[in-house]
Structure formats: C-alpha cells, structure tokens
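Look at the two complexes coming up: subunit A is in both, with subunit B in one and subunit C in the other.
Entry: the complex of A and B
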C-alpha cells in the first residue's frame, strides 16, 4: 500500500487533479476542461486518476483550491481548502529553489506573487480587467483560426513585431483587426499580441513591484512560448517554466495536504466511490430580506450535504441540524 | 414633514437620535441591499462613484415608505462628494420625485444660511434645544462606534463562531424599533454587556490589520462586502482609519473653529504627501503610517472604482509598504456582489501575514530574544 496525497484545483477554465506520493513524486496528473460544470469535472478527473493507477494506494490527505474549492471540498471531503495564491506559491517554492517572483496567468485571472526568504511577501491579482488572461488569447486564436497550441510557436517566427494596444481587451481586438486590414502578416500580429499582453500584465499587476530573479512563469498560458519570450524580452532576465506548470495549484494542494497529514490528522476523504454518486444542485431564493440571496443546496444521491450562498448564514447553519434530522 | 437620510454605517443611529430628540418625524431607509443598489444604479449616471448610487437607492426606498424631505451633509473637500447634494436633487427630480433637500454643509463663514437650514430641519429656533440634541446624538454615535470597535476585538477571539454577530445584528434590527436617546442608549449598553460576555478562546493567534481608504466604503458594510466580518472570521482584529463619530467631530465642531484632531495623521503623511489632495487621501496615507508604527501586521486599502484621491494614495502606499516593511493590499469595490474573488484575496493576504509572523517569531527564537 502506497501513501498518496490528492490535490484538486477547480478553476474557471480547467480542473486539475494531481496524485503525489511520499517522495513528492507525481504519480498521476490530469488536466481537463471545467466546461462550467465543476462537479462533473471533479468526478471525471477522479475517474481518470483511478484508471491511471495500477497499484494499491492509500490517500492520506486531500487539498482543494481554485475558485471552485469549496464546492469540490464538500463533494470529495477535503482536509485543506486553500486559496490559489498560497497554493501556487507553495508549489513554485518546492520545485524551483529560491524563487523570488512568480508570474501566473490562468484562464480568467492573472497574478503576480513575490517571495522573500521562502515566504510569500506580496501579491497582486487582476481586478477589473481580463485583457491579460488566457481566455483572451483563446478567443483571438479562434478568430484567426489558429490552434491555440501553435499560437506561441508562430510568434517566435516573427521578425518585425507589430504594436498593438494592450490596455483593454476590446481595444486590443479592434487595434488588431485594423493592423490585419493594413496587411501585416500573421506572425507579426501574433507577436504583437504577446507583447501587448505582457505589457498589460506588467503595467497592471507588477506596477511598483520589484521583479527579482529567479522568475517562474506558470499557469495554463505558460505553455505559450511566445508569451514566455515576450516576458524575457521585457524583463531582460531568464524565465523558468516548471515541468508541471499547468497543474501548479493542484500540486501546491498536494504539498499542503502532505503537511496536514504529517501533523497526524486523519483525512476526511470520502473515497473514490464518489465518482459513482449522483449529485444534484438545487437553488432556492430566500425571500426573508431584500438581499434575496440565491442559496445553493448540494445533494449527494438525494441526501443534503451542503448549503451556501446566504449572506446572513441562516441557511448554511441549518445544514447540520437538517442532516441530523434526515439521518 | 417626514425626513429621511442616506445610510453610512452606524451614522443612522446618531441621526435618528438627533431628530427624534427634536421631535422630527423620520424614516430610516431599509438596510442597504441588492435592491438598493439596483434602484440606485438605474437612476444614476454610469460613471459616477458608487456611494452616490447607493445613496439614491436609499432615498427612493425611503420615499416609497413615505418620506418627503432628505437631509444630507456636504463636505467642502474637493472631491465629488461636494456635488452630491445638487446632483442627487437633480437626479431625483428627473426620476419624477419632487422632494425637499436640506443640505447641512459645514458653515464656511456663512452661519446665517447654516442656521436657517437647521431651523427648517429641526422645526425649532431654540439653539439650546438643538445643541442639547446634537450632544446626545454625538454621544450615541460615539457609543455605537465604541460598540463596533468591541466587535473588532471580539470577533476573531470568540469561541463559538458567529456569537458576536448574533448580538450585533440583533442590535441593528432592534434599534429601529425604539425611540429617543434614553431607549437607544439603554439598548447599546445591553448589547455591549452581551458582546462582552461572549466567551473567548485564549489560544487564538490573532493578527492585526489596519483598514484605510475612502470613508464611505470602509464605513458602510454593504459596500465593503462586510470586510470586518470576513476578516474577523479569518482570525483578524482590525481597526479603521475613519469613523463616523470622528468625522462628525472633525468637520462639524473642530474644523469651523480652525482646530483639528488629525494633526498627528497629517504629520505622519507629510514625508509622502504634504498637502490635501481631496477626499481622504492624506488620512489614508497618514493612518497607514500610524498603523505600521503601532505594530499592525498588514494594511488593506478599500475604495470605490474611480475615486481620484484614493488613486493618488494607492500609488504612494507601496512606498510606505517598503519603508515600514508592512504588507499592503488594495481592494477596489464596484457594483459587483460576487464575493469569491474578494474572499480569495483576503484569504491569501491573511495567509501571507500569518506565515510572515511565524517566520519572524522563529527568527527571534533562534537569535535568543
């Protein structure tokens, strides 16, 4: 029986599951699209993990992160529920020695994390604008009918980058169309787009922050060699992309779960059986006050397991007594 | 005459006592909610700052309950708040509400107009009565602010999560039902005793965060998405740079007399910002420095999107962060009511502060202190 730790990152675009052993070796790594159905994604992810492992394993602890971390936690029963920033920081620290700066670009958000003496010292996350995120690149690639996988490679072929306004996704797009109509070739435009995104990221998130090396670039967009190159040019320093750049959040969760188990805590993991359970989500609108909270109920095989979404806590508090009454 | 006024944190308790002591009929707008915001957004210019939108929502909800007069204070500070009264009057007129607005601006030399307005609002010309009521209102406001300060201390330490909020929320419900200075004071005292009796967990490792920023945003819990509760539940004790009672004291009593209680704050801000640039930018910086000096673990700035003075402060605060080696987080609020992203930032910030503190402690142990 091998001791393992499970980490799950339920993000807006992708859901990642990582299974790690006692020696921090990764046994299984799954990257799937969330497709707006987080519960289904978690179940699919676990199913794939289960089909990949041959030996007998014993899950000692589970950690969840990402915007769907609370939902995932109620479904699988996790021991550690952590925000993405901490999870990403922990993961990078474990795989790149002495890392000082983490550039992270995901599907819907981008962040910068600064570390000092091995602890997170400062961070920033995009607030009101999505111009510098993966979704934007996805969209532009689709518009040019290029596979997003080839996007970065094409940028490297460019000899003369075109300047595109990167301040805002909407303006960037119209600027890009204008440049296309002038007859600039595709590689140059893609390179311009990469430069614009990096410029936006650095002006927006990294404003006033000191970017010291080693610099790590992770998140789904780190697969894009074009963006990596643009970062290197803008910062004038080498950029590391860790081997598991796309699942760093889930990886950080594994490490946090390992830490949790090392303290002698028992796991709340409900086992791989949950992939066979049917989950229902019911929504009710509470009309007791003008806030009209949309309360969400999670049912596992018809049994109430969790409730949230209320501002006052009235409904979430009720869950425990309701479960007892039902049982 | 049925008078109403906009919400701003605990301010309504003081205003209620002031007007009730003078025998004025009042209507307190319902607690700010999504409905309030939706109504406000509907009738306000798109690019105006968030407080105005919430104010308009408050007025319309009160008018629907029968209010016919609005009393608001103004500020002489060069920020959009200075135009609120005029703009709001126009907006309400456009929306089809013909309503009286009584503006209580700090008197800039023109005491005649100021007193005329006060006489109109209070329905009396007896200055002794007015001053007596004002004093009572100020006392109540101070007491509610003290009560809130107590929740800041108790919330991160309570043994059973939610105990403090249970009493504090009940207070805000009950205070609408009682009338006048005596009854309100009694209720505050009772709530105080209840909250004091909440059992504490002595083993909690509580960290301290100072909240600075635009006054309305940090005082009105609906707009700041209940930042005090969220942080309290994460085990954080907070303090805020600005409070209603402090603002009232400063602008209505001290300022006209050429005095100020903010000397220390301005002196703290001086190395970074020498003069007033509108709003509370100078106070934001000054308090950030003061919090850092009094060993707070971190600073959070909150402001509504597009608030000019706070944007100035935001670009200065990273320097304060460096000079005093204290982490700083900036949160910008707007019409969004989705809380997931907000919560992620707060959680990550608290994590960061805790790890830092642990490391500092470790270093101290190693070096033998």
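Entry: the complex of A and C
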C-alpha cells in the first residue's frame, strides 16, 4: 500500500487534481475544465485519478485550494484548506530551485508572488477587474475561432506586433476588433494582445516591485507561449515554466497535506466513493433582514452537509447543530 | 412632537456623528440614524447615484433614501474644509447637491456649508446656522455645541483606546493583553470604508476571529500624526490624506505592526495618490508587509478572504521563518 497525498485546486476555469507520493513524486495529475460546475468537476477529476492509478493507495491527507476550496473541502473532506497564494508559493519553492519571483495567471485571478530566503515576502493580486486573465484569452480565442491551444503559437509567428489597449478587457476587445477591421493579420493582433496583457500585468500587479530571477511563470496561462515570450521581452530575462505549471496550486496542496499528515493528524478524507454520490445545491434568499443573503445549501444524496453565504451565521450555525444532532 | 433629524450612516458619519447627534438632541430634536448598511441600502444607493461616483458615495445615497420618509430634516452638510488650507474629497463638497438632484421627494436637507479653509472665524456663525433649523435661541445653540464637543472628545478618546465604531456601535478591539495574538496589523483607509462592516466585508471581525491584534490610525495620538505629516516635503492638502500619510510614516518609524492592510474603494481619487505614497512609506521605508484591498459593489467575499488569508500566512511565515503553517486559512 502506497502512501499518497491528494491536492485539489478548484479554480474558476479549471479544476486540477494531483496525487503525490511520499517522495514528492507525482503519480497522477488531472487538469479539467470547471465548466461552471465545481462539484461535478471535483467528482470528474477524482474519477479520472482513480482510473489512472493501478496500485493500492492509502490517501494520508487531502488539501484544497482555489476559489472553490471551501466547496471542495466539504465534498471530499479535506485536512488543509489553503489560499491559492500560499499553495502556489509552496509548490514553486519545492519544485524550482531558488525561485525569487512567481508570475501566476489563472482563469479569473492573476498574482505575483515575491520570495526571499525561501519564504513568501510579498504578493499582489489583480484588483476588482479580471482583465488580462485566462478567461479573457479564452473568450478572445473563441471569438476568433482559434483553439486556445494554438493561440500562443500564433503570436510567435507575428512579425509586426500591433498595439492593443490592455488596461481593460472591454477596451482591449474593441481595440482588437478595430485593428482587425483595418486589415491587420491575426498573428499580429494576437501578439499585440499578449504584449498588452503583459504590460497590464507588469503595470498593475508588479508596480513598484523588484522582479528578481529566477522568474517562474505558472498557472493555466503559462501554457501560452505567446504570453511567455512577451514576458521575456518585457522583463529582459529568461522565464521558466515548470513542468507541472498548470497544477501548481494542487501540487502545493499535496505538499501542505503531507506536512499536515507528518504531524500525525488523521485525515478527514471521505474516500473515492464520493464520486458516486449525488450532490445537489440549493440556493435560498433569506428574507429575514434587509441583507437578503444568498444562502447556499449542499446536499449529499439528499442529506444536508453544508450551508453558507449568510452574514449573520444563523444558517451556517444551523447546519452545525443539525450535524451534531445526527452524530 | 419633536422635530426629527435624520443622520445618514455614511461618509463622515464615523468621524463626526456623536458631535451632531448630541448637538441636535440637546436642541430638543429627535435624531434618527439610518440602518447599518445592508443589501437594500446598497442597491438603492447604486440605483440612485450618478454612475461615476465611488462606492461610499453610493452607499451614502442609500442611507439618505433609508431616512427620507422617516424624518423632517436630513443632515447632509456641505463639508468643504475642516482645517486651514486643507480640503476634503471633492465629492464631499458637492454632496448636498448630488443628493438633492439624484433623489426625489426629499425632506429638507440641512446643507450648511462648513468651510474653515481660510480661517476658523466663521465657526460660530456656522454653528448657529446648523442650529437655526431647530431653534432661534443662540445661547442654547452655543450651549448645545459645547455639549456636543464634550461628547465628541469622549468619543475620540474611546476610539483611541481601541473601541472602534463598527457600524456606529462600539466594539472592543483592545486586546493587547491577550496572549493568543498571532500578529498585529494596522487597518487603514477612509473611516467610511473601514467601519462599515457591510462594505468592508466584516474585515475587522474576520481579523479578530483570526487572533489578530488590530490597530488603526484613530488609535494614534493626533499630534503624533500631525508631527509626522509635517515632515512631508509638500503639505498634503486633503485632510484625510494627511492623516493617512502621517500614520504611514509613524508605522514605518515605530515599527509596531507586522503588516498593514489598506482598504480602498474602487475609483477613489484621493486614494489613487495617498495609497501609493502610503505603500511606499510602509513597504520601502518601513519594510512592513502591505496589502491593498479594493472594495466595490461585489458581495462575493472569496476574493477578499483569499487575500487576507494569504497575507496572514505570509506574515506568520515571515515571523517564524519556518514552514510551519496552520492547516486552515
């Protein structure tokens, strides 16, 4: 029986599952689209992991991260629930020697993490606007009817980059359309978009921060060679994309889970059986006060397992007492 | 029946409301506060404010709407300047006009101009003007103002001692003796962003729950802030800005916090400069970790929570400098 650690990163665009062994070797890694259905994505991810592993495994601990980390945690029963920044930082620290700067662009968020002496020293995330993140690239690729996988490659073919406004996704899109109607070819426009996104990232997130090498580029968008090239041009330094760039968050969770287990904690993992359970989510608007909170209920096979979304806590408290009564 | 004066729970509310509440109550009026910010108030505010305005101005409009059918007067002074050669945010200066033209069927607004930019000589006359809405008795108005000032200084004293007016109600954040404190963090920003628990997404209580000792500029001696602010190369002519910059220099110098969280509303003109200068002071001079939280209309808390959690993690990690992190957060 092999000891394993499970890490799950439920992001806005993708859900990643990683299974790691005691020697920090990755046994299985899954990258799937969340498609707006995080619960379903977690189940699909686990199902795929299960079908990939041949040997007997013993899951010692589970960690979740990403914007859906709490949801994922209630579904699979996780031991560590960690924010994306810490998870990404830990993964990079473990898998890239001496990393000083992490550029991370995901579906809805982009982050910069600066490390010093092996710890996170500073970080920033994009503000209210999600311009220049993966979902925007997705949208543009879909609009131009290009497979997102080929998107970055096309940028490399450009010989004459076109300037695109990068500050706001809406402006960028209209600028792209204007340029396209002027007759600029697609590669140049895509290259322009990559440059614009990088410019926006560096002006917004990296403003006033010292970007020291080695620089690591991770997150789903790191698959885009066009963006990587634009970063290299803008920073004048080599950018390193780690082999598991797309699942670094989940990988970080594995490491955190391992640490958690090493302290002798027992896991709360509910087992792979949950892939066969039926999950229902019910939303109710509480009308007891003017806040009108949107309360979410998670039901596993018809049984209430979690509730959240209320400001006053009376709904989420209720489920706690319900469960205690059942126990 | 007593005249009802409504005070909206927004903008200058957290800085001044005890002053005006006492003032009008002494004059015999009944003071009605709008309810703490909730979704309904926010929605109403957003619907009835010019689109360009920042979140706190929208919230303020919501509070005015919340009051308008309950009172005889709504207190919306035209605050131009409260200190010599300084100004308040331009949106404060135009607030009565903005409210008046955006919201229909309003009761009369108490929109006296407060302008001490040139001097404080007109203070007495200004106070009388505020009082005339209730009485013509100058002596009584004077007396009411004295009482109000007294109450106001008590209020500021309470703030100094760590009782913070979350939604206008004092909550004790003076937990310096608590041994379980993980770290000490300063929360800074405009008071209306900080103390409105709805718009700040309950930041204070979240941090308190996470065993963080909180300090705010209101807890620092005003004279100390001014002393530091006077060291600025050029005088900061926004009153709120001066207070924030002075405190940033204080934190950088005294080094008594592990981190600083700056809470700012999206599109704030003053913060576009102040926040950046603040960050430079804190981060570069003081080497203090700095986190900017930008708030706007969104009610999803995931983004804010992620940033706070990561920030606390980082501080703890920096403090201990070993890979020993808590499992949750």
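As a working rule, the second predicted complex is superposed on the first by the 323 of 327 C-alpha atoms of A that agree within 3 Å, B and C clash if a C-alpha of one lies under 4 Å from a C-alpha of the other, contacts with A are read in each partner's own complex, and residues count from 1 in each chain.
Operating definition for what follows: a residue touches a chain if its C-beta (ideal position, glycine included) is under 8 Å from a C-beta of that chain, and two chains touch if they have at least 3 such contacts.
It should be emphasised that the depicted structure is a prediction, and the values quoted were computed from it without experimental measurement.
K.L.:
Superposed on subunit A, are subunit B and subunit C clashing or fitting side by side?
P.N.:
Aligned on subunit A, subunit B and subunit C clash with each other.
K.L.:
Based on the superposed arrangement, let me know which partner A:181 touches: subunit B (first), subunit C (second), both, or neither?
P.N.:
Neither partner.
K.L.:
For A:256, decide between first (touching subunit B), second (touching subunit C), both and neither.
P.N.:
second
K.L.:
Once the shared chain is lined up, is A:292 touching subunit B (first), subunit C (second), both, or neither of them?
P.N.:
The answer is both, since A:292 touches subunit B and subunit C.
K.L.:
In the superposed arrangement, does A:125 touch subunit B (first), subunit C (second), both or neither?
P.N.:
Both subunit B and subunit C are touched by A:125.
K.L.:
Once the two complexes are aligned on chain A, which partner has more residues of subunit A within touching range, subunit B or subunit C?
P.N.:
In the superposed model, C touches more residues of subunit A.
K.L.:
Which holds for A:276: it touches subunit B only (first), subunit C only (second), both, or neither?
P.N.:
So A:276 meets neither subunit B nor subunit C here.
K.L.:
For A:313, select first, second, both or neither according to whether it touches subunit B, subunit C, the two together, or no partner.
P.N.:
Only subunit B is touched by A:313; subunit C is not.
K.L.:
Determine, under the contact definition given at the top, whether A:84 touches first (subunit B), second (subunit C), both, or neither.
P.N.:
Both subunit B and subunit C are touched by A:84.
K.L.:
Using the superposition on A, tell me which residues of subunit A are in contact with subunit B and, in the other complex, with subunit C.
P.N.:
Residues common to the subunit A contacts of subunit C and of subunit B are 67, 82-86, 109, 117, 119-123, 125, 127-128, 208, 289-292, 311, listed in rising order.
K.L.:
Name, in rising order, each residue of subunit A that touches subunit B in their complex.
P.N.:
Against subunit B, the touching part of subunit A is residues 67, 82-86, 109, 117, 119-123, 125, 127-128, 208-209, 289-292, 311-313, 317.
K.L.:
State the interface residues of subunit C toward subunit A in the complex, per the touch definition above.
P.N.:
Spelled out, the residues of subunit C in touch with subunit A are 35, 38-41, 198, 202, 266, 276, 279-280, 283, 289-290, 292, 294, 296, 298-299, 302-303, 305-307, 309-311, 313-314, 317-318, 321, 323, 325, 327-329.
K.L.:
For the complex, which residues does subunit A have touching subunit C?
P.N.:
Per the stated touch rule, the residues are 67, 79-86, 90, 109, 117, 119-125, 127-128, 208, 256, 259-260, 265, 289-294, 311.
K.L.:
How about subunit B: which of its residues touch subunit A in the complex?
P.N.:
So the residues of subunit B in touch with subunit A come to 30-31, 33-36, 162, 165, 169, 226, 305, 315, 318, 321, 327-328, 332, 334, 340-341, 343-345, 347-349, 351-352, 355-356, 359.
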